[in-house]
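These are the structures, in structure tokens.
Two complexes are shown next, each including chain A; its partner changes from chain B in the first to chain C in the second.
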Partner chain A sequence: MGVTCVCQVPVAEGKSVQQSVDIVHKKLEQLGAVKQGSFWVDCETYHPTGNVSGQPSKLLYVMHNSETPLSCMGLFEGGPCLIADANFDVLMVKLKSHFQNAKAHKVECRGSRYRYCDFLIKVGTVTMSSSARGISVEVEYCPCVVPGECWNLTKEFMQSFLGPSVPELPSVFAAKPEGLFAPSDCVDTMTQYLELFNKLRKMQMPGSNVR
Partner chain B sequence: MERLSGLVGRPSESHPLHNSGLLSLDPVQDKTPLYSQLLQAYKWSNKVNMLTLYSQLLQAYKWSNKLLQAYKWSNKLLQAYKWSNKQSLKRSANQMGASAKRRPKVQPSTLVLPPQYVDDVISRIGRMFPDLTIELFRPNGTSAVLLAIVVMRSLFIDRTVVRGFNENVYTEDGKTWLRSYINLSLSCLSLVSQTWLRSYINLSLSCLSLVSQTWLRSYIKLFQSPCQRCGRFLQDGLPPTWRDFRTLEAFHDTCRM
Partner chain C sequence: MSGGPAVRVSIESTCEKQVQEVALDGTETYVPPLSMSQNLAKLAQRIDFSQGSDSEEDEVEGEPRDSEWNKQETEEEEGTVKFQPSLWPWDSVRNNLRSALTEMCVLHDVLSVVKEKKYMALDPVSQDPAANKTPQVFQLISKKKLLGTAAQLLLKGAEKLSKSVAENQENRRQRDFNSELLRLRSQWKLRKVGDKILGDLSYRSAGSLFPHHGTFEVIKNTDIDLDKKTPEDYCPLDVQIPSDLEGSAYIKVSIQKQSPDIGDLGTVSLFRRLPKTKAGTQQWHVKLEAAQNVLLCKEIFAQLSREAVQIKSQIPHIVVKNQIISQPFPGLQLSISLCHSTGEKKNHRASPEKPKPDDHLYVLEHNLHQMMREFHKQQLSSVVMPHPASAPFGHKRMRLAGPMAYDKAEISNLQQNEGLLEKIIKQAKHIFLRSRTARTIDSLASRIEDPQIQAHWSNINDVYESSVKVLITSQGYEQICKSIQLQLNIGVEQIRVVHRDGRVVTLSHQEQELQDFLLSQMSQHQVHAVQQLAKVMGWQVLSFSNHVGLGPVESIGNASAVTVASPNGEYAISVRNGPESGCKVLVQFPRSQTKELPKSDVIQDPKWSHLRGPSKEVHWSKMEGRNFVYKMELLMAALTPCP
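Coming up: the complex of A and B.
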């Protein structure tokens, strides 16, 4: 696993979410990328019950990624992350007296997966309660393991098909000391997805019930 | 006598005991069965020789198996060290012996540790296990670009293997080179091969190793250096992989022409 960047792509003016996704697909194919199947990422929210101290409790997010189908990640926003196998979901059911599942807050991102040379690009539609909330693009540069070294290179590639709407270095990498990279357990990737999902969850999308 | 001598049969040529086997032709009845005892002794010595050879082969096989397992284990330890060096994980101090009674020193709380500290901890671990040899490698300081394995015969470079830093080099049996899935490493490999070929023509053996190591060292900024000609990082999805021999500036493979 290499360095991964997840960012949000704005919906084209006058177009629907699906049309904007198709535009990105077309640009990738013009560049020479080859489609390699599909991907999905989802995130469920759990509220801790029985808060004695009275302080606002932190939400627990349980996330899944099709790149690691046998794994399950439990993380707090800005806090520690747990990587477990798929039985973690069953464990959360057993712990329902301590953690309540907010099923209405489940967020999913589904889309197509492309490969261009040593880049892996995933363009997905983020949906919540069957309502499309936005478009996500994940770009992974496989040969490099240090984010600070290949950020300019990755940014140049993203500009070639996304245009000017390219973000700066993700905050999860900016907070790391120079030269270090998290091990290939996709913790940084899922943290970026969580930030994106929380941002889109707070946005309101009137009249966008298209999936 | 001459007529009778022709009637005597020729001795058998399939005698295992050669001249001693002629004893079997002695018609004199003897109390001691010398010939049969000689034959038994010959068969027994043959069996002993054969069993000795088998046991030596078996011991050699067991020893080579142990050596292979020790090699695999040391490879795993080396990979674990490379990963931990990349992460600069915090290591605990050695608390054995008299030092256990003293108050432990304050451990560094940051993930960034000086290389000397990591060296000291690893050498302390090596002293704890005298039969374990640990060799430290820092291919690119604290950064990680690509992994290049140069196989040499004396000072001649036999072959070069380039892989991504997070790729496996060997298959699970530890014998076969695993093919790289990264286009960049394949591109670097072809360029490195061209460089060795060119170096053979002009340089002496003593200079060849220095030039090759300097050229490899120039790849430390592989992902950070734009092409000096076109100014871009990528061309057809690849960073500038060619290095000028004199100035070590970065160029794309097509931009260098």
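Coming up: the complex of A and C.
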């Protein structure tokens, strides 16, 4: 588990989502990256039903990542998070009276996984209730866990196939009290995905009337 | 009138010192050993006081016994009768009375003197028992009677004692069996089935899956004669182990060079190492441990042969009788055999096959045992309780994979399960590769004196990887010629060579590759050494190349070359060194020194005479010096003009 950066790639003018994904794939293959299977990340949203007086109700997101196939992550909106094993899903069913699953808000991201030396690149399509919303690109630099040490390298690498649409340093890294030199873990990755999903959810897709 | 004196005065010492008696209960009071004063008394006793004419002496002596008194008196009487015929009838009475009076007076005086305790002290004179011989017959009879009763008492007591001792012994035997059983129980699993006590020596409770039941029976050792003395190593408890676990067994792992025909593969030699028995351990314990060892060996072998049949490899593993044969490298054979010797036959077997060299790979044998136990532990821990109610069944680390967010690589690491045979083959490969590398380096080092090779082996190794640092130096120039330092990481299939500058070369397991590589490195070292030497000597390096493209082609590696110029630029030395062609040294002289150079019309100007002229080869073998760098130093020194 190295340092990851998740970003959104805008859909090219006059192209469909799938075509844009293909373009990224082609660029990666030209670079020399090798395809290594596929990946998926999903996110389910839960509304808390019980009213805790004096506290604004926070949404709970339960996420899975194919990179950590046995784990299940529960993230509160802007709050604490937990990592559990796959039984957590079953537990959430039991907690129906406290957390209600918002089925319509389920977000998924699927795509293929590329390896380029020490970099792991995942290009995925974000779909929300079976409509494609956008393209995500995750770049992971495996040998290092300290973002401050490898961010510039990662950024340079991303420029080589994403061109100008390279993001700034992900806010998860900067927001940590220890700063850039705290080791990153899988929660950082999932937080970035969650931010991306929330961003895409709010964005109104042209031609779609799904909220 | 011949009787004793009318008045008997007897003075007795305290009797305790002389009295020697046998009490009725058999205790005897002995005369204590003579002290100084007693000794004195004894000496005094030897003096025959009765013979002295002076009767006072007798009195001073202290205590005449009754018998002595009697004797003395009779003697005295006899004397009077013989020599002094009685004058009147009361003469003897008078004499006696007078002597008694005299004696009494003396006695009185003595007593008064003694009472003062100033000048004299009384000491008893013990009586020699031999002297005591008055009524011998009577004494004998009474003594006999007394002894008879005493003997009867003693016999009665002895009978009682022997009876109780026998009873005790029987009791103790019973108790010993129970205590032995208790001790056995504290170390081995026992259970009672009917009227038998059965034990379990299998490793099943430790996680073994081997189907052998491994049951032994505890029996009471009763074939011992009660009357005879029990032997030293007698144990009332004995164990009966299954017949197929008897004897001793071990796993033998060895690597052989040539593979014999499969036809004459047979049971390998079964010479047995003598079991060392620790002092103080019970027989049954030794027996059970041996049986358990046999069981473990059998389990290991069964597991290995099962894997040997299941695993598909390029060269199939062969399982013949008690031997598994595998080919880790071409022309090399790893054999793992189970040697099980039972009882008495071993002696005949051992002698003819002993001359074989002991080619055990003890490390691998030990590792096999260790891996088997690890396997047991793994089996055990996968089902071990306590277990979180919500967690899936499986290995503990697998259970943690979810909450610890293990990624794919880590999980697949957890899941991959290499068999025992695969592991041991990998280890054997590594061990073989390591020893072959060591041999290659050593043979090169002993064959080639210039430059020298030093190998520093690391002490701590992984089972699959070890490393050695190889330094190539020239004798006497270790400080300046340190250019070639190689780190050889010896793995399972290949050797990775890391140069000092970080270049990595991967060599296969072939011996020749490493040898060629080292040879080319050694040839490069010489050229590097010239370069270093030039720096020290103040010469100038004109050109340097590790791999020259000119000249004869080397069969291994490339030749390397260096050209250095003297400080004033007049001379130049060119060295070309190849792993196979050896070194060639050329010296270029200044044009001015060469006479045979034809005068050219073009270069007339005297300044051209400073140019260097033709080169001449140096007969390197005729140069003085113990090694290449030394020769080079001499050459450089010779070509450097004196200031």
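Here, the second predicted complex is superposed on the first by the 194 of 211 C-alpha atoms of A that agree within 3 Å, B and C clash if a C-alpha of one lies under 4 Å from a C-alpha of the other, contacts with A are read in each partner's own complex, and residues count from 1 in each chain.
Definition applied: contacts are C-beta pairs under 8 Å (C-beta built on N, C-alpha and C of every residue); 3 or more make two chains touch, one makes a residue touch a chain.
Keep in mind it's a predicted model, so treat the numbers as computed, not measured.
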Residue contacts on chain A - larger count, chain B or chain C: B
Contact residues common to both interfaces of chain A (with chain B and with chain C): 1
Complex interface listing, chain A residues touching chain B: 1-2, 32, 116-119, 142-146, 149-150, 152-153, 156-157, 160, 177, 179-181, 183-184
Residues of chain B touching chain A in the complex: 83, 86-88, 110-112, 142-146, 164-166, 181-185, 223-224, 226, 232-234, 236-239
Touching residues on chain C, where the partner in the complex is chain A: 390-392, 399, 401-408, 411
Residue ranges of chain A in contact with chain C within the complex: 1, 66-73, 83-87, 91, 185-186
